[in-house]
Each structure stands twice: as C-alpha cells, then as structure tokens.
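The two complexes that follow have chain A in common; it is paired with chain B in the first and with chain C in the second.
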Partner chain A sequence: MLPLYLLTAAKNQPILVELKNGETINGQLVNCDSWMNLTLKDVIQSSPHGDEFLKISECYIKGIHIKYLRLPEQLMDQAKEQNLQNMEQRNRNNQKRRGQSSNPNANSNASANANSNNSNSAPQRQQ
Partner chain B sequence: MSTSPIQPEQTSIQQKDPLTPNVEDLYLESYAFTTAAAIVGSVDRKIFVVLRDGRNVFGILRTFDQFANLVLQDTIERIYLETEEAQESVPKRFAETYRGVFMIRGENVVMMGELDIDKEDDHLQEWQQIPFPEAEKELTASQAAKIKEQKLKSKNLLTKGLISDFAPSDLY
Partner chain C sequence: MSSLKEFLEKKVRVISTDARLFEGILQGYDNSTNVIISNCIELVIYEEDEGEENQQIPLGLYVMRGGNIVCIGEVDESEAIDWSTIHGSELKGTKNPL
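Here is the complex of A and B:
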C-alpha cells in the first residue's frame, strides 16, 4: 500500500497539512492526485507561529509545498479493509468471467482472462 | 601468514567499537537496493526521521514509495533542548508529543534510521522531560536567534565578496 494510495483512502476525512513555510491547514480532504496536490473543504489555515487563523470554505494545495500530513488514526485499518473488499470483489468477478468463458466458442476470452488475472495478482503481492 | 603482526591490532579495534562495520558491508554489491527501495527492510519497524526543519519524529514505518514519502504510525515528535556546554549542572531537557499517523513528503527528510526498541530510551535517563508547548516555545526562540545570527553572518561575508549558503528553511 503506497503512501499516495493511503491518501486517496483518506478522502472525506479530516486531515492536517503542514506546508514547508510552517503554515498548517486543517480541513476535510475532497480530492488528491499523484502529485499530492490536494483540495480541501471547511478549512482552517493557521500562520507559522500559530497566532493568526483564517477560515476558508474551500482550498487547493499544490503538492510541492507540503512538508507533512497528519491523517486520521483509523485510516490504516480502513484502507486495509477496503483493500480486502476490493480484492474479494475482483476475485468474484474473475471467477464469473471464467465461468462464462468455459463454453467452447470463447477460447480467446479465456486467454485474455488469464492475462488479466496475472496483472491483478501483481499489486496483491506488494502488500 | 605474513601479515600476522598486524592482525592483533585489527581485532582489538573491532573489539573496541561494536559499531565498526564489516568491510563487506561497505561494498555496494552487498545491497539489493541502493535507492529509496533500500528502506524496504525497515518496514513495520520503529524508525526515527529528521526533517529539514529540525524536527525529530519517531514511529513505526508502515509504507513508503520511490520519493521516500514515508507513512509512520503511532508517531511521536520529540524536541531535544541542548544546554550550553559551560553549564553542565543544568540537566538537558526534552519534550515529546503524540502525532498519530504521519505522512512525510520525501523531500523534507534529512535522514532516517532504524531504532533498537530495547535501547531507544536509554539516553533519556540523563534528560529531564518538560511539557511540549514550553519546549516548542524555547525551540522557536533559539531557532529565530540562529536565523538572525546567520543572516548577520551572510551580510558580513557579502561585504567581503563571499557568499554563504544558509537557508532559513534548513534548521537541522
């Protein structure tokens, strides 16, 4: 489970971001991408020395300015569970497809499924 | 063996310092990975990380990627307040606070290393724990002083036509 994957699992949850300049930004994560760019809503921004606070309804943070993030405590467990569910769903789908391709005039399908099985099992092994 | 006279000396060096590495460990071929993947062995172990702003964080490394973005669990941030060498009577002080799940963007990492959980707290016996907000206040004050001093130094150097490479964001 890569850090950025974990971050996508934190969507709609409250997070804290500290920027390189020391500003901290509290808010609910709306979206993030592979550059760690974030969009947040219901944001409270505080100055580096923690003496000024700013309430913002929405904000966008460019990933390159981030120093670190603090994520919800239960996130790791949630992400693990979500991952497990996804895997089960995938396996079920694969089995269904395999069942369909057992009829003789779908041989080409069967080999395609075998390939997709391989590509699916690769990320599973990473964990 | 012709080199036997030297050998006793070598072994005595090794006995003196248990941290002296084996020569084989110094060759890059002994490592499976040399980039960010080299920390794969530290996953699920307790590590410490020093950030560019001078923070020390301690936690269990759960995952990382090719940028050395790190995810730590049960993280603790610790501040060490070193005293001036002249006043040895004053105990050295530290403070710590719980930070939970911590994701560090790789470019802010100065160094990280694995901790021996049996020995990690040994050094703190000589240190006195104080409340975190207090330590934080003192730290920011000393860092501000350091920045001021460095800026003055750069200014003086500049008058002599020299350039100092001090950056206020590098406080480690």
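Here is the complex of A and C:
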C-alpha cells in the first residue's frame, strides 16, 4: 500500500504530525494532496520540548516540512478492506467490458445496454 | 534495481536523520521512500554511564517521510536482542536542509 493512499484514507480522522523542527501538530485531517500538504482542523500545536501549546482552529502544513505522521491504529485494516473492495469493483467492471468486446454478435442492442450501464463511469461518445 | 519490496510485511528497523531508531512492520512504501510502519516502536538506548533505563515506546501506525530516513533493514528474528541491557553511544544526526 502507498503511504499517500493510507493518508487519504485518514481523512476526517485525528492525526499527529511531527515537523522537521520538532513541533508536533495534533488535529483532524481535512484534506491532503500528492505532496503530502495537509489541511487540519481543531489543531493543537506543541513546541519541540512540549512546553508551549497553541490552539488553532484550522491550519495548512506544507508536506516538505513533515518528519512523520502518526495515524489511528485501526486505519490500516480499514484502508486494506477499502482497497480490496475497490479492486473487486474494478475487476467486475473490466469483466463486463471484456465480455462485450469479445462477443461480435452482441450488436447494437447489447452495446446500447452497455452504454447505459457504464454511463456513470465513462463518457459516452455518441452524445 | 534495489527495492524495499522484499521487506514488505516484514519486521524492519528504521534509522531516521534525527538519529532515532524505530522498529515495526513495513506495510508500504513509495518512490520517495515514504514508508508505512505498523506496530511501530521507538527504541531509546542510553550510554552505560548515563544510568538511565532503555525505553521501548509503542507508537502505533506511522507514516515516515522519505527525506527523514537514513536506512531501513530487515530484522533477523532468529537472533533475539535483549534491548534492555544494550548500551551504546548516540548516533550522530545527519543534517539535511529542508
């Protein structure tokens, strides 16, 4: 599993971020991107020696300043399960698509059906 | 081509640029060596004359940024190490620009 995939699965969960300068930031993950830039809400920022605390309602962290992230322990299992479900869904879709293309007798009628089946996943060319 | 693939789902130790030692199970990695470590513990080792007791701090699920990692090695579990009695001097931190 990719670290950034796990991170996206941690959205809306409480996480701890340690920055390269030793500051730690606790908060609820709102969003993240492929550079590991984060937005958090309900944030508590602690100084490197843990002697100063700052409460912030929202904050943005540039990914490059992050040393590490601590995520909820059960997140790994959740993300794995989600991943499995996604994969099964994709397989099913692929099989459906392959089923159509390998059968030349499935003519206009079938393909019209298929189009309506796939309409939410792929743009329709006819339109 | 060297890869962390062989270490996946195995117990590994990670040394970070701030000279800390972590142990856990490698669950994933990417091209920039960001890693997922589950059941992560930090091993704190003191010098003998410091008289402090070594610590093993359970940390849970960790995602470490690749830029912060010095090395990752698979743990040979056939050779148990008694971490409470081991002593050694501090690793030197590597100074990296942001």
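The criterion applied here is as follows: the second predicted complex is superposed on the first by the 99 of 127 C-alpha atoms of A that agree within 3 Å, B and C clash if a C-alpha of one lies under 4 Å from a C-alpha of the other, contacts with A are read in each partner's own complex, and residues count from 1 in each chain.
Everything below uses one rule, namely that contacts are C-beta pairs under 8 Å (C-beta built on N, C-alpha and C of every residue); 3 or more make two chains touch, one makes a residue touch a chain.
Just so we're clear, the structure is a prediction, and the values are computed from it rather than from any experiment.
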Let me test your reading of the model: by the given contact rule, A:36 touches which partner, first (chain B), second (chain C), both or neither?
both
Answer with first, second, both or neither: which of chain B and chain C does A:1 touch in the superposed model?
both
For A:70, is the partner it touches chain B (first), chain C (second), both, or none of the two (neither)?
both
According to the stated criteria, A:44 is in contact with first (chain B), second (chain C), both, or neither; which is it?
neither
Both partners, chain B and chain C, contact chain A at residues 1-4, 6-7, 20, 36, 63, 66-73, 75-76
Name, in rising order, each residue of chain B that touches chain A in their complex.
51, 53, 62-65, 69-71, 73, 99-105, 108, 140, 169
State the interface residues of chain A toward chain B in the complex, per the touch definition above.
1-4, 6-7, 20-22, 36, 49, 63, 66-73, 75-76
Touching residues on chain C, where the partner in the complex is chain A
16, 18, 27-30, 34-36, 38, 59-65, 67-68, 98
Chain C-facing residues of chain A, complex:
1-7, 20, 36, 63-73, 75-76
